[in-house]
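In what follows, chain A forms one complex with chain B and a second complex with chain C.
Entry: the complex of A and B
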C-alpha cells in the first residue's frame, strides 16, 4: 500500500524579486534572475510551487583582496587584479548566475577610493558582463552613504541589488534604491525580529516588498551555522504562514563566512592531520552553502569556483521533482 | 496638667512638655535628633544625654558607666523630667555611629544630589478605599482610670488592661518592660488620666506606649511606597483616615547603582549596606519631618508607618543583607517581615511607634505588588484582571479571586522621569500632555498644576513618542527622520533631538528636548513591560482579548493617555474601557494596610497565593522583548487599531 505523505498547506508565498533588466526593460542585461517566489518549504515540491531555483552569485572585489588564502586566489587566477576581468571570468568560466561586487576599496582604512572612481567600476563591470549585478558597500556607514547613492545612480535602469541596509542605517540607501529602480539588501544580526523590523522600516519609506532581500547573517559550518539555520527556518515558516514582512528571499554570504573559518584557511603544513587545505577550503564553503539551501537560501554569494560548482550540481539534483 | 520646659544644647532649643514624657520624646517633639535604635526600651544605650540643670527621674540602666553617671549622663528614653531642665546632647548621641554613611550623606546633600522632596499630585483614587473596616496598625485610647482604693485594688497594669478591654475585646494584651517600669509613677503623676497606644503586632495587641493626658485625637501614620527610583510618602490622620499630604523624592540609593542588582552588589562592599540603608532612611525622615511640620503635627503623635517596596528595598530599609536575593536559587531573607519598632530601622517618629512592611512574594516581586493587587481588589474579583505596575521594575499580576500569577521585568527608570535627558517626576511643572501639529510641528503641552514647565514626566514622554511617531518625525524604530528640516529638529550633544519647549519661552536654563537616546531608553522600557505582559499571558495559555480589566499603576501623577500608551506599544491593544488608571496603587495598598488590620490579613493571603513566574529563565521572553522594541510592535497584527 502506498504511503500517503502528510502535506502542509501554506497561506502565503515568498515574494519574487527580479534582479537585472534587459534592453527591453531599460537595462542592458543578457539575462535576468528571478529570485524566490516559493509557496512552500525548500524543495518540498508536493507542498507548494518552487518557481525559481536558488541562484549563485560569485563575489568579486574592486581591489585584490589581501586576506584571502593563496589557494583561493589561485583558483580565481590573475584576473583577480581587475574587477572587470574577474567578473567576466565568473560569468564565462565559472557560470555564475550573478556577480556580487564588493567595493572594499571604498573603506577609509583601505584606499578610500573616490566616489566617481567607484561608480565607474560599477559601470565597467556592467558594461563587460551580461548577467545581473549585486553591489555591496565597504561596511562603513558614513562612507557607504556617500558611495552607494552614486553607484546606484550609475547603475540606474539595470535593476541591480544593492546593499546593505541595517537598522541603524537604512534611509539613505532606501531612498537611492527607490529613486533608481533597484532592490535592496536588508541585513539583520541573526535576529528574526530585527529582520522584520528593518523590512517594515524600509517598506514604510514606500519601497515595495518585492524589492527587498533579507540578509539574515549566517555563520559557517562550525561557527553558528545551526543558529543561523534556525533563524532562517523560523522566518520562512512565518512568511509561509502569512507574514508578508518576512516573505522575502534570503541572500546568504556563504563565501565570506566560510573563508573566515580557520578550518578553511589553515595551511596543510600547519595541520597535516586535517588533510589538504585546497580541498578542505572548498568543502567548507560548499557544505555551508548546501546547508543554507535547505534553510531556504535563495541567493548564495560564493567565492571559490569549485565550491560554487558543487553547490550548483547540488541545486540541480535537488530541483528534480 | 503640669508642664516643664526643657532646653537642649548645643541646639539651644526649648520645648514645653507634659509631665511624664521622656526626654527622648521631648527631643523628638522639638525636632532634635537623638540616636535611638531600640525604640525606648532602654537597651541600646545610644540616646545618652547630660543633665546640666534641673531634676529628673530615671530608671537604672547598665548602659551608663559609673564614670558617666558622675558626669550627669542619663538615657533620654528612660529619663522623665521633674522640673524645667537644661540638657546637653553629647556628640556620640547626635551622630549615628555609622559616621561614614552619614558623612557621605552630607556630602551628597552638598552636591545637590539630596534634593528636597516635593509635593506630588495624586489623582483622585478610583479604588475602593472603604472595603476594609477601620482598625489601624496603631490606635490611641484615652483612659480616665478610676483611682485604686481598698475595694478596687487591682494592680496598675491590670487596671489599664481592664479599662482597655472595656472598649475592645482583646484577649491577648502585651506590654514591654520599659512601660511597666515607668507605669506606677506615670499613672500617679498624670492623675490617672493617660492615653495608651495600642499596636497590632503579629497577631497580638501590644500596649506600645502610655502617655500622660489625652492625646488620643492626635494619631498620625505614614504610608510609604519605596521604589527603586522614587520614594513616595503620605501622611495620614489615622483617626479620620484623611490624607494630609503626599510627597515624592528620588531614591538617593540611585547614586550607588540604578537598579536593584547593582545595589545588591554595592551592599557587599565595605559600608555598602550602611550607605544604602541611610540613603533611604534619610529620605524618609526628611519627608516625615516636612509633612509633619507643614501640617503642624508633633512627631511624637506619628505612631505608625507602613512601607510597601520591592524585596530588595525592604531589605535595605531594614538593613538586612540582600546578598542572597541575587544568588541562585534567589531566596530573600524575609518576605513576611514582622511588625517592628520604627526606631529600630532608624525612622524618626514616636520612638515606640510601629513599622510594618507589606509582605512580599519573591526575591524579585515585592510587597509593592502585593499592595497593588490588594488595592485593585484582584483577590476578590471574578473578572480576569491584570495589574501592570510601570516602574523601574515593571511588575505584572494576572488572575482573579481563584488564582494569581506575577512576573517582573527590568524596565529602567525613564517612566519615572529618570535616566532621560529632560525627565522629571510627576510633580508641579512637569509636562504631562503633549500635542504636535502634524504640519507645523508646533508643540502644545500641559504641565501639572499648570506651572511653568521644568521637564517631562512619564506620561509626557508617552505622549511625546506617540506624537513624534504620528507626525512622522520618528520612524518605527524611534530614529528621527534625517530628511526633515525644522527649527525644533537639530543635532544635539547626544544625537538628533526634538525641542519640546524652548528655554526663552519657559524660563528654564536649557531647552526641554527629547533625543534619540531618550527614545531608545523609552522604547526599551515599554518593550520590557509589554513583553512581560505578553509572555505571562501566553504562559497561562490565555489571549489578551480574554482580559476583562487591566489596572495601570505607576508614578504618572494624575494623567495617562491610554490610547497613546497603546499607540506606542506600551499596553496591549484592547478596548479602551477595559483599562483603569489607578496611579500609585502600591501607596494605596500600604495606606489600606496601615488603616485596617483586615487588609494586612488579605495582603498576606495575596502574597501567599501569588505564583511567581521567573522571566529570566523563560527563553521566549527575550524573543518577545526584541519583537516589542518597535513602535508599536514588530508584529503589527497585534495592534490593529494602530495601523
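Entry: the complex of A and C
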C-alpha cells in the first residue's frame, strides 16, 4: 500500500525583506539581498516555496574589537584595524552576502566617537563596498538615539537594515527608518510575546511589515541555544498559521554569542581534552549557525571567515531541491 | 493517535465492579488514557477491547534497547515534532564508525582516544555511546575486529555488514550485548531477520522508498523481530535527508503508522571534516535516534555532545541545582561570597571561573526557579528579598566572618536596596563570568 505523505498546509508566508538598493533604485549597491519569503518550515521544499536562501552577513566594527580571542583576530588579518578595509575583505575574500557594521566606538565607555565621524564611517563603508549593509548601534539607548538617526540619514536611499529597536526604545529609530527608506531590526529577549508586541508597536508607526526583521536574541551552542531555537520554532509556526505580526525574517547574531563561549575562546593548553582551539572556535560558531538554520534563521551574522564558509557551504547543500 | 478517556470507556465492560481499584469504569478509563494504570487491572475486559487498547498503549515510536545491562542505550519512544510541545525523551546515541581494514594496533589507538572523549558540562557527564565496526573484507577479519573491540570497550555496538555468515559468528560471541545489525535490505531481509530473532538483536533496515520500507518493517515484525531501526540514506543532498527524517517522524506521530514507528539511524560521512559535524548537527536536531560519525576529533565531539544536551533538555524544566551555599576550594571564614542563581548553566559557568581563579570562595545559589540572572531579575525572582532570604537560609552568616557580598554586574541596580535589606556590604562584580578570575584576584 502506498504511504500517503504528511504534508502541512500553511496559510501564510514569511514577509520578504529587501536589503540594499541599486543605482536604478536610488542607492549604489551592486547587489541586493532578498531575504526570507518562505511559505513553509526550513528546507521542507515539498510543502511550500522557499524563494530565497538564508544569507550570511559578516560583522565588522568601527574600532578594532578588544575582547576577541587572538585566533579570531588573526583570521581577519590586519584589516581589522580599519572598517573600510575589513568590509572590503569580507566582500571580496570572505564572500559575505552583506556587511554588518557595529558602531561599538559610539559607546560612552569606549571612545564616545562624535556622531558625524560615525556617520562618515557608514558612508565610507558604503562607498568602498557593493553589497548591502546592516548598521548596529553600540547598545546604549541614549547614545544610539543620537547616533543612529544621523547614520540612517547618511545612508538614505541605500535601503540598509538598521538596529536595534527594543520594546522600551523603538520610536526614534522607527521614525528615522521610515524617513530614510530603510528596514529595522526589532530585538526581543527570547520572548515570543514581546517580539510580537514590538512588531505591532513599530507597525503602528506606519512602518510596513516587510521592513521589519526579528532578532529573537539567540544563545550560543551550550549557552541557551535551545531556548532561542524553540522560540524561533514557535514564532515561525505561528507565522505560517497566519500571524502576520510574527511573519518576519529572523536575524541571528551567532558570531556575537558563539565567541563569548568558553569553548570557543579557551586556549588548547587550558583544556587539552577539548582539542585544538582554532578548530573548536570555528565549529562552535558554525554549528551554532547551522542549528539555527533548522529553526528558521534567515540572516546569520557571523565573525570567523571559516565558520561563515562552512555555513555557506551547508546552505548550498540544503537549498538543493 | 492516542485514544481519549471517553473512547477507552466505550471499550470497557461498564460494570463499575471496582476490581481495578477505581470507583467507576470511567475513572479507570481516564487513568488508562493518562497511562497511569495497566489494562490488566480490569478482570472482565473483552479480547476485542484488549487488542484495541493494547495497540493504543504502545508508543507511536518504538523504544529500542541496545547494549547490555551495564551500558543500556534507549532510543525512540518520542512523542513530539517540536520540543516546545513536549521534551525529546531519549537523547540520540552518538557513535563512531571503525573499519575492520585498520590494523589491530590502529583500532586500539582509536578506541583509546574515543574512550577519553568524555566531558563534564553543566553537572552532566557527556559521552558517546556506540562503536560501529564496518566489514570491508572477509568474514575472518571482521570477526577478529569485532572481538577485539568488544573485549576492549563496553560501548554499545553496531555491526555494519551484509555478510550473514560473518554476522552469525559475531552475534554468537556478543550474546547479551544487543548489538544493532546494520542493515537489512529487501534482498536479505528474511535471512537478517532470522539472525536478529535468534540473537535477540535489534535490526536496522535500509530502503529505497517509504512504501517498500513499510513492507520491510512489517515482514521483520512478522518474522519475530520487534526492534527495528530505520536506516536513512544520508548519501544524498541534505534537504532530502531532512525531508525524510521529518516525514518518518510525522508518519509515526501524526498518522500513527506503526510500520514506520521506529527510531532512525543516520551516518554523517565526511571523515571528520567540519561539514560532517554540521550535518550531524542537523540529524541531532531533526529526529535521528542514532548518529554515526567517521571523525573522532575532540572539538567535534564536544560540540555535538553539547548540541545533543541542548536539544534534549526539557524545555518545561530548565536544569537547576539545589539552592544553597557551595564552598569552592579550601574556604575559610574570610573567603569571599558570590551570589548567583540556581540555573545550572549560570551556576556552572560561575563555578568554572571561580575554580579557575584559584581563590577559595563561596558561591551562594539562590532559588530563582532555574532562571538566569537577568531573566530572574526581570521576573522578580532575583530580588533583594530573595537574596536576603538565601543568605539567611544557607547559613552564610555563620560560615564567614565578613559581611561582603559580590553580586553579578548586570544587577548592579539592586545594590542599595539589597544592602539595606540584608545588612551586607554589596560589591558589584563583573557582568560576565569570564571576568571573575581577575576580579577575585584583585579583591585584596
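Operating definition for what follows: the second predicted complex is superposed on the first by the 317 of 321 C-alpha atoms of A that agree within 3 Å, B and C clash if a C-alpha of one lies under 4 Å from a C-alpha of the other, contacts with A are read in each partner's own complex, and residues count from 1 in each chain.
Note that in this section contacts are C-beta pairs under 8 Å (C-beta built on N, C-alpha and C of every residue); 3 or more make two chains touch, one makes a residue touch a chain.
Not measured: the values here are computed from a predicted model.
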Once both complexes are superposed via chain A, do chain B and chain C end up clashing or fitting? fit
So, A:206: does it touch chain B (first), chain C (second), both, or neither? neither
Using the superposed model, measure off the angle between the directions from the CA centre of chain A to chain B and to chain C, in steps of 10°. 70
Superposed model, chain A: greater residue contact from chain B or chain C: C
In the superposed model, how near does chain B get to chain C, counting Cα atoms only, in Å? 7
Output the chain A positions appearing in both contact lists, the one against chain B and the one against chain C. none
Chain A - residues contacting chain B, complex: 167-168, 171, 175, 191-194, 196-197, 200-201, 204, 245
Chain B - residues contacting chain A, complex: 475-477, 479, 481-483, 623, 626-627, 629-630, 634-636
With touch defined as at the start, can you tell me which chain A residues reach chain C in the complex? 1-6, 43-46, 189, 221-227, 229-230, 233-234, 237, 260, 262-263, 265, 273-276, 279-280, 282-284, 286-287, 290-291, 294, 306, 310-311, 313-314, 317-321
Across the complex, what residues on chain C touch chain A? 82-84, 116, 119, 121, 210-211, 214, 237-239, 242-243, 246-247, 250-251, 254-255, 257, 260, 274-275, 277-279, 281-282, 285-286, 297-300, 302-304, 306-307, 309-311, 313, 315, 345, 349, 352, 372, 374-375, 378, 432, 434
